[in-house]
Amino acid sequence: MAQTTTLTLPPKKKIPRKKVIRNWIIVAFLVAMYAWTFSSIGINWGQIFSERTLNNMTRVVPQLFSPEWAVAPDALRLMGETLAMAYTGTLMAALLAVPFGFFAAKNMFNSRIINTSAKWSLDAIRAFPEIMLALIFVAAIGPSPFAGVLAIAVGSIGMLGKLYSEVIESIDMQVVDSLEANGANKLQILFYGIIPQVIPEFLSYAIYRYEIDVRSSTILGLIGAGGIGMMIQISTMNRNWDEVGMALLIIIAVVTVIDYASSSIRKRIV
Amino acid sequence: MTKTTANPSQGSFDPSNPPGLRAQQAKWKLTFVFAAIVLVYMFTSWQTGSSLIDLWFGMPDVWRMVGELFPPNWGYATETWGRLSETIQMAIIATTVAGILCIPISLMASSNIAPNKWVYNITKQIMNILRTIPDLLLAVIFVGIFGIGAFSGIMALIIFSLGILAKLLAETIEAIDKNPLEAIRASGGNTIQVIVYGVIPQILPQYTSFTLYVFEINVRASLVLGFVGAGGIGQLLQRSISFFQYGRAMMIIIIIFVAVVIIEYISGKIREEIL
Amino acid sequence: MIEFKNTSLVYPNGTQGLKDVNIKINEGEFVVIVGLSGAGKSTLIRSVNRMVTPTDGELLVDGEDILSYNGRQLRDLRTKVGMIFQNYNLVKRSTVMKNVIAGRLGHTGTMRSILNLYSNEDKSLAYHNLQRVNISEKVHSRADELSGGQQQRVSIARVLTQQPKVILADEPVASLDPPTSHQVMTYLRKVNKEDKITTLVNLHFIDMAMEYADRIIGMRAGEVVFDGPASTVTEKTFEEIYGRKIREEDMVGGDEDDENNG
């Protein structure tokens, strides 16, 4: 074996200059980002690794895992309220999102101004977390499930409107064209040509959004907007972590069931 | 015989089951579903005090509130900078930690890599449970343990994003080409070498994309963690609203909006580039 | 030396993979195993590096029974017994070099391999093996940029980089067209002769088996039904092994520059 004495190393890999520069920019950016993050974040390590934390840990964690069954009826009632809030809000959003969806769909309105302004307003709504909207609604109309419903209704329009517009853009336009050729008016085209094509997908997306809204409405109560979150807020203030544990257990169970039910219904629809 | 075949429609006609009946049935079904949706709505809107009547009477309050939010207190913007950076820093740290932790967890949660069925099922179930717990609820719990501050928020974000990342990544790992893994095993590679040489190169683009996606989610989530005392700009928003300083509140809302839009734009562009 | 002693294998679902196999393969031999699909060729080959584990009997590699191996011993065995697959089994998104250097994994510590710290000897060996199969110009290409034949050559280079004493090739040309198949078989044959590596190849093309093998082993239903030098084999022998008449699909046809794809 001659090659044991003379090594033939593979030629160096040629990396294009542009790629080298790009890689260095990425590295520099990452270094700068982490340097900035770790140099300026204010974490009070003394507070975190303190005896108090240890005490909290030994009190909070065991209590969380031994739920207080006495509050189960209350928690279930409030969970019911949460589900109702999510339902009312999602349904309102599902209806309100329809015009947005049509305005944003290119094949419905052949106007860039209408399309983009509808798309932008949908994107704008999506940028706001629901709980932030809830904070404003609570300030406006007082702490109540109503504030939560409004937050969900407004907050869900963004995503639903966007998904609706995608559904509308993917429909079979030949049906619409042939109805038009038969002399149908705009409203007839809408009801006979478009709506039947989009209803299953619209419904499926609304159900999917309900799934999301159930999760988010469980926490709206933390800032006074009704539902099981209210119980969690009160229990944490009173440091009754076993009650929080109960609420948590119910949330996990109900959310799991809703997710499962929702996905099996959606599978049947589409 | 030629007659009957010449007129097939006659043969298929059945007077007891006229055409259109199936359509009729579908119509009934649709009406029933529609009625059920409306009935449930009537009940839930009554239960939550948010019927159309409530909406009618509540709207003036909402509009008054919107009016009070304007004009924003532009001068306040400079004072929010520190909290805004904290928000983004929390998201960066949480995404980094979750991005590292999710690798071993997702390997254990993928049926083709997990050492055995037990590890696979247990990890997967724990991740499923984690995903059902809302981020803010985790924050409440961590605030209860570690006290008020960014650390509690970071912990909440880590746990929250771990559930999402591990699921997405495990699905990707389960879909990889397993032939190369067989080859590496057949050449004497151990499990870690199989992962590093066979699994990781195959999932790297998706991994980067998912991590960026989770970063977006974490930024949004960390904006509101302050509502429960877990650090970030949310704390300022809550304070200004409870002190009726609506101009300040609006300023924060604008800043949040701009921050979210910028970060999602950048992250979206990078993700497009990768995949 | 590889020796099967009354070796049998029953899969958990009850399928009999191997049935009382007794063969002895000498060092440096080029053995082709033929049989219909499901005859147990793959099981036989994969037993040698314990990708499957026989349930009965003994299987000696260099005089040691490998059936009880696990952990470190098993990885050492696999380091010494290389394997080539029908679908090349390269990591498609990795470069050719990275795929070939992966042949050193069994010789390299976990930490070193993670950090990509290979010695110049290892790198040189990998590159030299790429040169031997005439694909060194693709060293920095990604594996998915290569054609099937090129990928199979890379996988030969990977196996050589492992510096094995035995090479197992499980249907190495089943996914290739006839000219490329001949090329790959020629390389395998060359390596076998030059490095004296014992080579076991599964094939189902009879003309190829006769052209390249020193010795042919025929299998049917998990049993060895023929074992003899390639020179003694005729079409009649194959008809006995297959239990039916020879058909056109049993031939790869063509030679190195034949355009006919049969």
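In this document, chain identifiers A, B and C correspond to the written order of the chains, with residue numbering beginning at 1 in each.
In this text, a residue touches a chain if its C-beta (ideal position, glycine included) is under 8 Å from a C-beta of that chain, and two chains touch if they have at least 3 such contacts.
Just so it is clear, the structure is predicted and the values come from calculations on it, not from any experiment.
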Chain contact topology (line, ring, star, complete or other): complete
Between the pairs A-C and A-B, the one where more C-beta pairs touch: A-B
Centre distance in Å when subunit B and subunit C are each reduced to the mean of their C-alpha atoms: 48
Inter-chain centre distance, subunit A versus subunit C - centres from mean C-alpha coordinates, in Å: 52
Subunit A-subunit B separation of Cα centroids, rounded to whole Å: 5
Subunit A residues touching subunit C - in the complex, by the definition given at the top: 3-4, 7-11, 13-14
In the complex, subunit B residues that touch subunit C: 177, 179-180, 182-190, 192-193, 196-198, 201-202, 204
Complex contacts: residues of subunit A adjacent to subunit B: 33-34, 36-38, 40-44, 47-48, 52-53, 56-57, 60-61, 64, 80-81, 83-85, 87-88, 91, 123-124, 127-129, 131-132, 135-137, 139-141, 144-146, 148-150, 215-216, 218-219, 222-223, 226, 229, 232-233, 236, 239, 241, 244, 248, 251-252, 255-256, 259
Residues of subunit C defined as touching subunit B within the complex: 49, 51, 75-80, 82-83, 85, 87-94, 98, 102-103, 105-107, 110, 113-114, 155, 158-159, 162
Residue ranges of subunit B touching subunit A (in the complex, touch as defined): 37, 40-41, 43-45, 47-50, 54, 58, 61-62, 64-66, 69, 85-86, 89-90, 92-93, 96, 128-129, 132-137, 140-141, 144-147, 149-151, 154, 220-221, 223-224, 227-228, 234, 237-238, 241, 246, 249, 253, 256-257, 260-261, 264
